[in-house]
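Let me begin by handing over the structure; questions about it come next.
A, B, C, D, E and F are the chain letters, set down in written order, and residue numbers restart from 1 in every chain.
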Amino acid sequence: MFNKAIAKIKEWFPAPEVHAHCDGPCGVYDPSAARINAEAVLSMTKKILDLQPPAAGDQNAMATYQNTITRYIQIKEEQAQLTKEELLILWTDYFKPEHLQKYPDLHDTFWKAAKLCSACKVEVSLEHANQLMESVQKIHQMFWATKSRDVAWYKAS
Amino acid sequence: MFNKAIAKIKEWFPAPEVHAHCDGPCGVYDPSAARINAEAVLSMTKKILDLQPPAAGDQNAMATYQNTITRYIQIKEEQAQLTKEELLILWTDYFKPEHLQKYPDLHDTFWKAAKLCSACKVEVSLEHANQLMESVQKIHQMFWATKSRDVAWYKAS
Amino acid sequence: MFNKAIAKIKEWFPAPEVHAHCDGPCGVYDPSAARINAEAVLSMTKKILDLQPPAAGDQNAMATYQNTITRYIQIKEEQAQLTKEELLILWTDYFKPEHLQKYPDLHDTFWKAAKLCSACKVEVSLEHANQLMESVQKIHQMFWATKSRDVAWYKAS
Amino acid sequence: MFNKAIAKIKEWFPAPEVHAHCDGPCGVYDPSAARINAEAVLSMTKKILDLQPPAAGDQNAMATYQNTITRYIQIKEEQAQLTKEELLILWTDYFKPEHLQKYPDLHDTFWKAAKLCSACKVEVSLEHANQLMESVQKIHQMFWATKSRDVAWYKAS
Amino acid sequence: MFNKAIAKIKEWFPAPEVHAHCDGPCGVYDPSAARINAEAVLSMTKKILDLQPPAAGDQNAMATYQNTITRYIQIKEEQAQLTKEELLILWTDYFKPEHLQKYPDLHDTFWKAAKLCSACKVEVSLEHANQLMESVQKIHQMFWATKSRDVAWYKAS
Amino acid sequence: MFNKAIAKIKEWFPAPEVHAHCDGPCGVYDPSAARINAEAVLSMTKKILDLQPPAAGDQNAMATYQNTITRYIQIKEEQAQLTKEELLILWTDYFKPEHLQKYPDLHDTFWKAAKLCSACKVEVSLEHANQLMESVQKIHQMFWATKSRDVAWYKAS
């Protein structure tokens, strides 16, 4: 079935140009971009869970609490969205039919990772944020393997 | 293999919330959004191909030509990007493991459609712009079938 | 007075080019775009009103509540803004002096619809969200009437 | 007819909150924002018209020419769009039914100004760019008159 | 040390083109843009501090409160970000080595102003919002002095 | 003089919170983001210079040429802007008065790097694109030195 799919895709895109992280032909792909965003999702998830609501009736403390938690949630949302976008650029522009032959779970890996990005928006879940980091690490390894390069995985935080 | 993939995905997302076109839980998905954008891609592709360059040496005509073709290219780029985003929201948020069982070519359909969006940016190709419209129409039919609704396909232009 | 206004406008724009939904000359206008967004505004308004605050003192439940309500409010805001933008593109680019003659309440219809978009941001009002849907439906009918086409009104949700 | 329109609008918006330039309730409206953008549109229009195409066959000069004119066109496009957005925020959020009574040509003034923004995108027209500046100046005067303030009109360039 | 820095910068940018507020060569710089945004930051800060939380148990009042405070916080965030961007365009594009000689505290002035923008996001602080307005006013004066123009400082609110 | 500046800044920001790449408190800074963007600027600069204009009179070839060069220029513009934004987040949010004491050329390093981003937009200059890469590498080293970490510099392309 994969062979059929690959043949069909190849027929549609006979000479695929090399695209890149910017969704353009710059040839500069790097899963680090997704990793930085996913780290922020994990960091924000922790901070939201750790934030203590103020005592009822303290209007100033409530203003500060609302300001902080609203910003954390917005940043988590934005960073989860950016993680998704960076990953989908790899899936739609970098990976090609020949990669699908080597990695038959390519589509599922990206589908799962993209759904994890959405889950990290909807929920405040340490478990899913950690799974997202693992997905990004798996994609990092698949990606550099296709280029026969050994780029070390590290975290900024 | 699909069953295995579905089981894995289901394990990860035991109770998937209903998401929507806005990448949020509004429950309002409609492939029309992608269709409107894809129509614009096709329209711009035609206009770019039809635009006649000015005679050399006419500075005013050159300014007008450059203004027009640059805008057409920008609009094609933007609309192809929006088509891609609208389609990928359906793929990552609306479609679920049970749909994959019913449509085993779900992933390939969206991969091909997303790659067509990129091709319509890189090229000025009537053929690919028309194929993109066909992909969007196919997705329109798959989508409404999952809801057992019969929504007519129409074009605005 | 309308005739005077029309004459003045015509004098300013002697040969108006056909613009489109993308604010460009693609000729692809479709009020569906505004309708999808307005449906999301209505859906989010309902969900915000239905969401129950957690008991005081449950920090985890508070994190989840804040995450959910902040996202609902953000999506409502964004979708109301997009509804406004889609409507104003029709008003500023599609509708022309000859349409104003046929629909003397054109300006007021759009002014009211745009103000409803703002009201749906400022408030959590089912009444205004429903009125916005009615405004969009009215504009849908005016729009397709100018094209002598009979496009059915439907909702995605 | 205006009275009828005003009555209808007032009925819909019984207690309009004061909105602002940010499309929010900050109460900070200032037509200067639109004026700065419109000045940029005029400046870019001039520069596009003044730019001399290179001799055929000089590849380096062509790269520089394309880079410069594409950027000028993009900036003109972006600034015309921002002018439109700033003006429409005034129209949809600041101006209220009581202002319409005082300025019966309120709607036409803004419709014309918005259509000029679109014309300045589509064309490379000094005439329309200058008319846009005049429209913004007229709106500046109407706006500050409603606040009984005398704010001097100046240009940054 | 400044002379050395200036020499180095001059060596790198032998013939700096005049850039502008749009980060392009339109020549239209005006610190008013930053001032309008900073006024909104101050206004929102006041409104957040003044907003009274509802009594516990009133679900409708809680929905309204959350909608209002979330929007205020988002607008403060967005306007503080825009203030920062407008100021940094002046610093990176308008001000040149010769200005640094005249204003040796140029870098520190902008660094402090940019850090104030961030502080106004993180906190709900009237003191920092007022200091931001003072920073913008100081930059307004430095800016117009370099052009030998006397443009009055005013506030829209 | 630096001591004075530092004292003044410290007085303003007595307890600076740790900010991050997302302009939020996630603690995830990584100059890789700027490096990926700067690589794209360099790559696009090369491609623009290498692109051969078509023979006069070939309308199809002209459409393709315009599509390609306009996209390259847009991507260069966007990536240079993103490089600038990523760098300025480090300057305004990560680096603090104590770092200025250790790196007295901190401000000049960032000013020069930001001006290089603008130069890479205005020009099609291999020399400036290479200098931008060097600036980003210098900042990479300064940044990780402040964290006493040894993160290897690599390029994705």
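Annotations
Please note the rule applied: a contact is a pair of C-beta atoms (placed from the backbone, for glycine too) under 8 Å apart; a residue touches a chain by one contact, two chains touch by 3 or more.
Small disclaimer: the values here were computed from a predicted structure and weren't measured.
Contact with chain A and chain F alike is made by B, E. In terms of the stated touch criterion, the partners common to chain C and chain E are A, D, listed by label. At the interface between chain D and chain E, two copies of one sequence, more than half of the residue numbers in use are shared by both copies. Among the remaining chains, D is positioned farthest from chain A, on the basis of C-alpha centroids. These two copies of the sequence, chain B and chain C, are related by a rotation of 180 degrees on CA atoms, to the nearest 5. By residue number, the contact pairs of A-F overlap by more than half with those of exactly one pair in B-C, A-C or C-E, and this pair is B-C. One finds 32 Å separating the Cα centroids of chain D and chain F.
In this assembly, the C-alpha centroid of chain E lies 21 Å from the C-alpha centroid of chain F.
Multi-chain contact residues of chain C (touching two or more other chains) are listed as 25, 56, 70-71, 74, 121-122. Taken pairwise by the contact criterion, the protein chains fit none of the simple patterns, being neither a path, a ring, a star nor fully connected. Remark: the chains found to touch one another pair up as A-B, A-C, A-E, A-F, B-C, B-D, B-F, C-D, C-E, D-E, D-F, E-F. Of all residues in chain B, only 20-22, 24-30, 32-33, 36-37, 39-40, 43-44, 47, 71-72, 74-75, 78-79, 151-152, 154, 156-157 touch chain C in the complex they form. Chain C meets chain E in the complex at residues 48-49, 51-53, 56, 69-70, 73-74, 76-77, 121-124.
Looking at the complex, you find that chain E touches chain C at residues 56, 59-60, 62-64, 66-67, 70-71, 74. The residues of chain D lying in touch with chain C in their complex are 1, 5, 8-9, 12-13, 16-17, 19, 23, 25, 81, 84, 88, 91-93, 104-105, 107-108, 111-112, 114-119, 121-122, 131.
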